[in-house]
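Note that chain A is present in both complexes that follow, paired respectively with chain B and with chain C.
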Partner chain A sequence: MGKGGEEFIMKSPDFCYYEALSIEDAIKFKSNDLESVILAGGQSLVPALNMRLSSPSCLIDISKIKELKNITKDNDFIYIGSAVTHSEVMQNKIIIDHLPVLIDVLDMVAHPAIRNKGTHGGSIAYGDPAAELPAFAVAANAEIILMGLNGIRTIQASDFYHGLFETDIQNDEILTSIKYPILKDNQKILFDEIYRRHGDYAMAGVVANIEILNNEINNLKLVFFATGTKPEVALKTSELIIKDGYDYSNVKNMIKTELDFESDLNSNAEMKLHLATILTNKILKLMET
Partner chain B sequence: MVDITLNQNSKLGSIDRPNSYIGRSLTRDGAIRHLEGGGKFVDDLILPRMVNSAFLRSPYAHAEIKSINISDAQKYPGVIDIFLSEHIDTVCKPWIGVLSHLGEMRSPEQSPLAKKIARWQGEAIAIVIANTRAQAEDAIEAIEVDWVEKEPQINMETALDKDTVVIHKELGNNLFWTRTVEQGDVKKAFKESSTIVEATLDFARHTGVTLETRGIVADWDKSEKKMSIYHNGQAPHMMQHIIAKHFDISEGLVRVISKDVGGSFGIKVHVYGDEMAAIAASKILGRPVKFVADRLESFTTDIHARCHKISGKLGVDKNGKFLSMEINDLSGIGPYSMYPRTSAIETNQVLNLSGSPYIIPNYKAVGTVVFQNKTPMCQYRAVGHPIAVAITEVLVDKAAKKIGMKVEDIRKINFIPDDQYPNKTPSGVPLEDLSHQATMNKLLKIMNVPDLEKQKKLDLEKGILTGIGIISMCEVTNPSPLFYGVGGAHISSQDGASIRLEGSGAVHVSSSITEQGQGTEAIMKQIAADQLGVSMDTIRLTLGDTDATPYGGGTWASRGAGIGGEAVLKAARTLKNNILKIASAIMQTDIDTIDIANNSVIRKNGGEGISLKKLAETVYYRGHEIPQGTNPELIATSSFYIEGIPFVFTNSAMGCQVTVDQDTGLIKINKFWVIEDCGTQINPKLVEEQIRGGVIQGIGGALYEECVYDDQGNMQNATMADYLVPMACEMPDIIVDHVITNSGRSILGAKGAGEAGTGGAPAVIMNAINDALSSMNKEVTSQPITPEKILKAIGKI
Partner chain C sequence: MQGSKNITINFIINDEIFNNITVPVRQHLGDFLRSIGLTGTHIGCEQGACGACTVELDGKAVRSCLILSSQINGSVIKTVEGLDDTLMKKVKEIFLKHNALQCGFCSSGMLITTKEILNKKKKLNREQIRTEISGNYCRCTGYQSIVDAIEEAIEDNIKDI
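Coming up: the complex of A and B.
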C-alpha cells in the first residue's frame, strides 16, 4: 500500500520476466510454459501489453543471448541474428558492403529511438503486414532459421507468412536468424514506399528483386507490403512486365486481379491499388537509370 | 529572428536603459530544467497512503446498463473499493453545461459517472480504487455489466431528422443550441451583388493531444476538512470554485495546485467526470487518490473540437467590393455540453468572426449545435477560428478568381483600413488597434509573390502542381468579463499579481496565470524585472497554487501576457513607487531625483545610491533607522481585467506555398509565412514559438488529424500510431515577422499570440492547395485534406 517506486509504474497485467542465457535455455523455458512469449526489443510487444491486448504468463528476454546478436557472411549468404537491432544492422560493415539496400529500407522503419531497441528478428517474427522487413525478406529470397525442441529448421520467407500476424513459428520455436542470399552482379533490390509521415508504417510499399541480362529484365519479383494481410508476391504481374514491358493500365489491371487489397485507416483498397501501381511505375523508372 | 522588438512601446521607457527586458528574446530558464528531466508532473507525485484508480468505460457509443456486478472484482488483489454513480453522487452534486447570456442552451444534468445509460464510447461507468493502476485495471476486467446496446446517433447532419434517435428523451430532440446573427439586409444586398460565390466546407473532429495526459491527485484531509488537488489544469481558481461547489466544501478549504503542465491547448480547462470521480473517491476514502489518463482514455475522453459543416455565400459588386455574406454552420458536440464553458462557444466564435478583417455591410450567420453519441466536444486552441477563417478566405479567393481580380487586391480593397479603428466585425463585435493592411503588405513583400507565381508557371510546365495561398485573420485574445462571467459562469476574467522585495534583496512574484510549457514564467519575470529595475536573477516566481497566488482566471484564450502581464506590470510599478518613497526618506532626497536600476536605488544626477538589499535589510531588521511615519510597504498587489470591450483582438496575415503530388495525393508545404501583430512583444522568441507551434497544430488540422469513427460510434484510431499528429520531418520552414500595434487597453500594450497560427493555417493551406488544383479546375473542401481526398478530387481514384 502506497509503497511507491516501481509498483506505481506498471500498467500491464502481471507477468514474470526471464532472462534467457542461451537459445536452448529459452526454448526449454518456452516449451515448459506455453503461455510465455519471447521478448526481443519490446517495441511491438510492450505497447500491446500496456494496452492489455495480451496477457502472457512470462516474458522470455532473448535480447542478451550472444549467439543471436551476430551478423556473419560466407560465400553465398549473409546471416543476421534475430536479436540484432535495426540500428546495429544499419551500422554493420558486412551490410554496408554487401546489402546496402537494407540500410535504405531500415531508414524507413520508425525512428532512431525505436530502431535502437527493435530487432531484425522481432520485426520478421511479428509479421506486421505494413512492415518493411517481412516484404524485404520475401523479395530477397531470404530463408528464416528457426530452432525448437526438434532442432533447427529452415523455411523460405515466402512460405513463412500465412496471414494477418500469422507465421509458421511453432510454439516451442524461436527465430534465430535470417539468411539472405548475396546478390549477383546483375541483380538489384529496389525499394520504395508511400507514407504520410516519415517513420510511419507505409500506405503502400514495394520491394523488387531484379536481374538484368543484356539490358533487359531477365527476372523480376515484385513484393508488396501494407496492401493486404501479409507481404504479397505479384508473380504474374512480374512475368507480364518481363514479357511486355511496363504499361500503366495493363499493370494496374494485373495487380488488381492478382492481389487482394485491404483498406486501412490511411487508405482504402482502391487507393492502395492505385499506390501499388504508382510504386511499380516508379521502381521500373528507377531501374532504367 | 529579431532580438529586440522594433517598435518599443513608449509607455514602457527606452529600450537601452538598464534592465530593459521587455522586448528581448531571453532564454527561458524553465527550458533547461525540463531538458534535464527536472519537470514535476502530476504523475510524478507520490503521497503517503496514496491509492491509484482506473475506470470501467463504456465500450459502446449508446447503451443501457441493465446491471453491474462488482462483487468478483472487489475481491481482486490490491483492490480497495469500487464506486458506481450512486456512490459518487452521495458526495458530488451534478452539473449542467449551460450559460445564460447566449440564448437558450439545453443540456441535461451530468454526473461524474454514467447512470443507467452510457452515451459515448469511453464514458466512465465505475471507478476502481486499488494500490496500483495495474491492479485496478485487472479488477476492471472482472466487473460484469449487462449491456443492452441502443441505436447510436452519430451523424450530425441527420441529428434533427424526425426519425433520428433522441439522445436525451426529456429534451424532445437533439438540438443543443442555435443562434442567428444578422446585420443589415442580406437578401437585398445579394440581389444587388453582381457576383455571388458559394462554398461548403467540412472540418473533421480532432483533439488536442497534449504530451502529458490529463491527471489529478485528490487529497481529502478529514481533520482539516480540506481538499488539496494536484491538477495539470489551466485554471486553478476556477477548479477551486467548482470543486467547492460540487463537493460542498468551503471554497477557502479547497487548494488547487497546478505546477508543471505538459501542454493543455484548452483540453485541460474543462470539468471531466473521471477527475470529479477521483476527487469523490478521495472524499469517501479519506486518502489521496491519483488518476492519470492513458493515451486511449485521452483520445476517447479529452474534449474533441471542430466537427463542423459550414456553407457560405459572398456577394460582391463589379469592383470587387464585398456587399453581403451569409453563413450557415452545423456542429456536433457529443452527448453533453461541457461544463462550465459550454460547447456552444466554438460555433459562437464562427458566427462572430467570419468576415472579420473586412467591411461587409450586410451579414447573416446561423449556427446550429446538435448532440451525438461521440466524445464531448468543446473549446480547443483557436476556438472556432479555423472554421471562420477558412469559410471567409475560401469565399474571398473564389470571388477574386471569378471576377478576375488578384487574390491580394480583392483583400486590400475590402480590409477595414488600419486608420479606421475602433470598428466592428460584420457580426457587430467591436474591434480596435488592428493592422490588416500593414500585415498584408509586409507579407506580400517577404513572400515575393511575383517570384512564386513565376515558379508556379515553370512547375506547371513540368507537370508539377504548385499553389500559393494567402489569408488575413483576426484572433480573439484577452477576453473581458463579457465573455463568460456575464453568462453566470464563475470564470474570472481578472488576473492578479503580487510582488515583494525580500530581506535578501530578492524579488518574489506570484501570479494567477499558470505555465503550461509556453514560457509564461519567463515573461512574468521579464516584466517584473524590467519595471522594477532589477536583474533577472533576483526574481523568483510562484504560479499555479490557490493558497499562494492572487486570485484570477489562469491560462486560456491567449490572456497570459495581456491580462496577467499587465497585473504584474502594475504591481511592479506600485512596489517601485513604495521602494522609492522609503529610499527618499532614508536618502533624504526628493523622490523625483531617484530611480531604481541594477538592483539599487540610484541618484539620477549621480552620487551614492543604496542597494535594494541594503534597503530591504534596513526596513526588515533596522526599521528604527527610518524616519517615523514612512510606510514600510515592500509588497504590492495589483489586478487587471479588460474593460469596455468583449475581447482584445489581434490580427495576422499568412501565406504558404504547397506542392501537390498528382500521383500519390501527398501534399508538401514548401514554405509558410506569418506576419503577426500581437502588440508589445515581451519576449519575441516566445512569441515566435507560439506562432510556429500554433501553425503546426493548424497544419495538423488541415492535413492530418481526425478522430475517425465507424457508423456505430466506435473511435477507430485512438492510438498515437493511428491518429496522425504533425511531425518534425514534414514541417516546413515557418518564417515569422511582425507588425506592432499596441493595445490601447493597457500600459503594457500586449495582446495575445497563442492561437493565430492554429486559427489561420487551415485556411491558408486550403487556399494554396486549391490554387494548385485550379489548373485542373478542381478543388478540395474537406479537412483534413488527405492524399485520398486529393486523388478523388482530381479523379485518380
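Coming up: the complex of A and C.
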C-alpha cells in the first residue's frame, strides 16, 4: 500500500486537471486536446485511472456546470442533465412521479456511496456493457443529446453504442442530457438482473419495454446487458414471445441466434445465454403481477 | 486555457479549515487524508469495491479512493476521526457492545456508512441493512454482529421521534 503523499505505487498516471466553467468552455478544451477526457462523477473513470487502464492527457471536470445538473419535464419527455448524480435522480419528484422504474434500476447501480457521486450522463457515456443505464436508455427509447462545436445533436440511444466502451460521441462533443419519452398509460418498463453481490455488475440483465392491448402484449422490446460488448435489442426474441409466449428452448435458441455473447469475469458466454433466457421468463412473470 | 498538474484548494476537514493547500491533481482523497496524518481512513482496493475508504463529503458518504483531491475544492469533509458528536459516540459504543469489528480495517467505512443510514431516520429490517452495507466488505465478522449493531443504532436513533 502506498503511504500517500509523495509516494505513488499503482496509482493513477500523471494527467492535468481543468475545471470547466461552462459547456462551451468544456467543448473548447476538449476539441483542442484530443487526448483529454470528461470527468463528471468519476466513479468509473477514477478506478480505470487507478488501475492504469486509461491515461488521458487531461481531465475536464464538468461537475460544477449548473446547466448540466437539472431534471426537467415537458408534455412528452423527461430530460436528465448529464451531471445529475444517481442519488439526486432517485430523490427527484419528476422521476418519482413519472419514471419510477428508473429508481429500481438505480438501486442496482453500485452502492449508496458511489451513487452519491456517480452521474447519469457519466454512466451513459462510459458505455460499460455490464452497466444498467445504457440498456435502460436503449429500452426506454431515450435520445442522447450532445453538444459540440457545430451545436446540438440528438441521437437515439440504440444508435449511440458502437461496441465495447465505444460510443458515437465525437472529439468535440459533450453529452449534455438524456431525453426519456414519458410512458403511455398502457406501457411499462420492467427490469431484472442476476448478480453475485447487490450492487455489483450484473452477470446478465434485461430491460423490457412492454405495451399492453386488451390484456395481451402488443409491443415488446427486450434489451439485454452484461451479455456482450454493448446493450443489445433482441428484436426477433421479442417477436417470438408476442407470437408464441415463453418456452425455454425456443427462447434460448432465438437469443443465441440474434445476440453475440462474450464471457467476462463474472460468467462465461454459455452461462450468460442461460441467464438471459431465464431472465426473459422472470420479466414475463413480473408483467403478470 | 490550460489544465494544471498541481492545484491549490480550500476545504474543511473535521471542522478544521485548510486554506491554500497545493495537491497533485492525480492524488486521490484517501491518499491525501492519510498524507496529512488522518490514517483512520483505510485504503483497500482503490477501485470502489471494498468500501474501507468511505468518508463523508458535503454530508454524503463517498469513496475517498474515487475522488481526486482536485475535486474537493470548497468542500466539507468528515472522516472517522471527526465522528465525535453524541450520536456517533453512541454508535461506536454500540459497535463495541456487539463486537461489530475484529481487525478494524473496515470499521471506519462501516461507521461512515452507518451515519448515512441513520441520517435517513428510517427503520430498516435486517435484509435492508445488509443491502445498505453491501458496499462495505468485512472479512472478519461475517457481518452478523455488524447488522446487530446497526439494527440497535437505528432503534436507538429513532426512538425519540
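The rule is short, and it goes like this: the second predicted complex is superposed on the first by the 279 of 289 C-alpha atoms of A that agree within 3 Å, B and C clash if a C-alpha of one lies under 4 Å from a C-alpha of the other, contacts with A are read in each partner's own complex, and residues count from 1 in each chain.
Operating definition for what follows: contacts are C-beta pairs under 8 Å (C-beta built on N, C-alpha and C of every residue); 3 or more make two chains touch, one makes a residue touch a chain.
Since the model is a prediction, treat every value here as computed from it, not as a measurement.
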Item to complete: Check the residue A:Lys117 against both partner chains and state whether it touches chain B (first), chain C (second), both, or neither.
Response: second
Worksheet item: Can A:Phe29 be said to touch chain B (first), chain C (second), both, or neither?
Response: second
Worksheet item: More residues of chain A are touched by which partner: chain B or chain C?
Response: C
Worksheet item: Once the shared chain is lined up, is A:Tyr17 touching chain B (first), chain C (second), both, or neither of them?
Response: second
Item to complete: Answer with first, second, both or neither: which of chain B and chain C does A:Met51 touch in the superposed model?
Response: both
Discussion item. Looking at A:Leu275 after the superposition, I want to know if it touches chain B, chain C, both of them or none. Which is it: first, second, both, neither?
Written reply: first
Discussion item. For A:Arg196 in the superposed arrangement: first (chain B), second (chain C), both or neither?
Written reply: first
Worksheet item: Should A:Asp61 be classified as contacting the first partner (chain B), the second (chain C), both, or neither?
Response: second
Worksheet item: Of all the chain A residues, which ones make contact with chain B and with chain C?
Response: 1-4, 8, 10-14, 50-51, 197-199
Item to complete: Enumerate the contact residues on chain C facing chain A in the complex.
Response: 1-5, 7, 25-28, 30-35, 43, 46-48, 51, 54, 57, 60-63, 65-68, 70-71, 73, 113, 116, 130-132, 134-136
Worksheet, complete the sentence: Listed in rising order, the residues of chain A that touch chain C in the complex are 1-5, 8, 10-19, 25, 28-29, 32-33, 36, 39, 42-43, 46-47, 49-51, 58-61, 63, 87, 110-114, 116-117, 197-199
Item to complete: Sort out for me which residues of chain A touch chain B in the complex.
Response: 1-4, 7-8, 10-14, 50-52, 194, 196-201, 203, 265-268, 270-271, 274-275, 278, 281
Worksheet item: Within the complex, which stretch of chain B touches chain A?
Response: 46-52, 131-134, 137-138, 141, 294, 296, 663-664, 666, 704, 708, 716-717, 719, 721-722, 724, 726-727, 729-730, 786-788, 791, 796-797
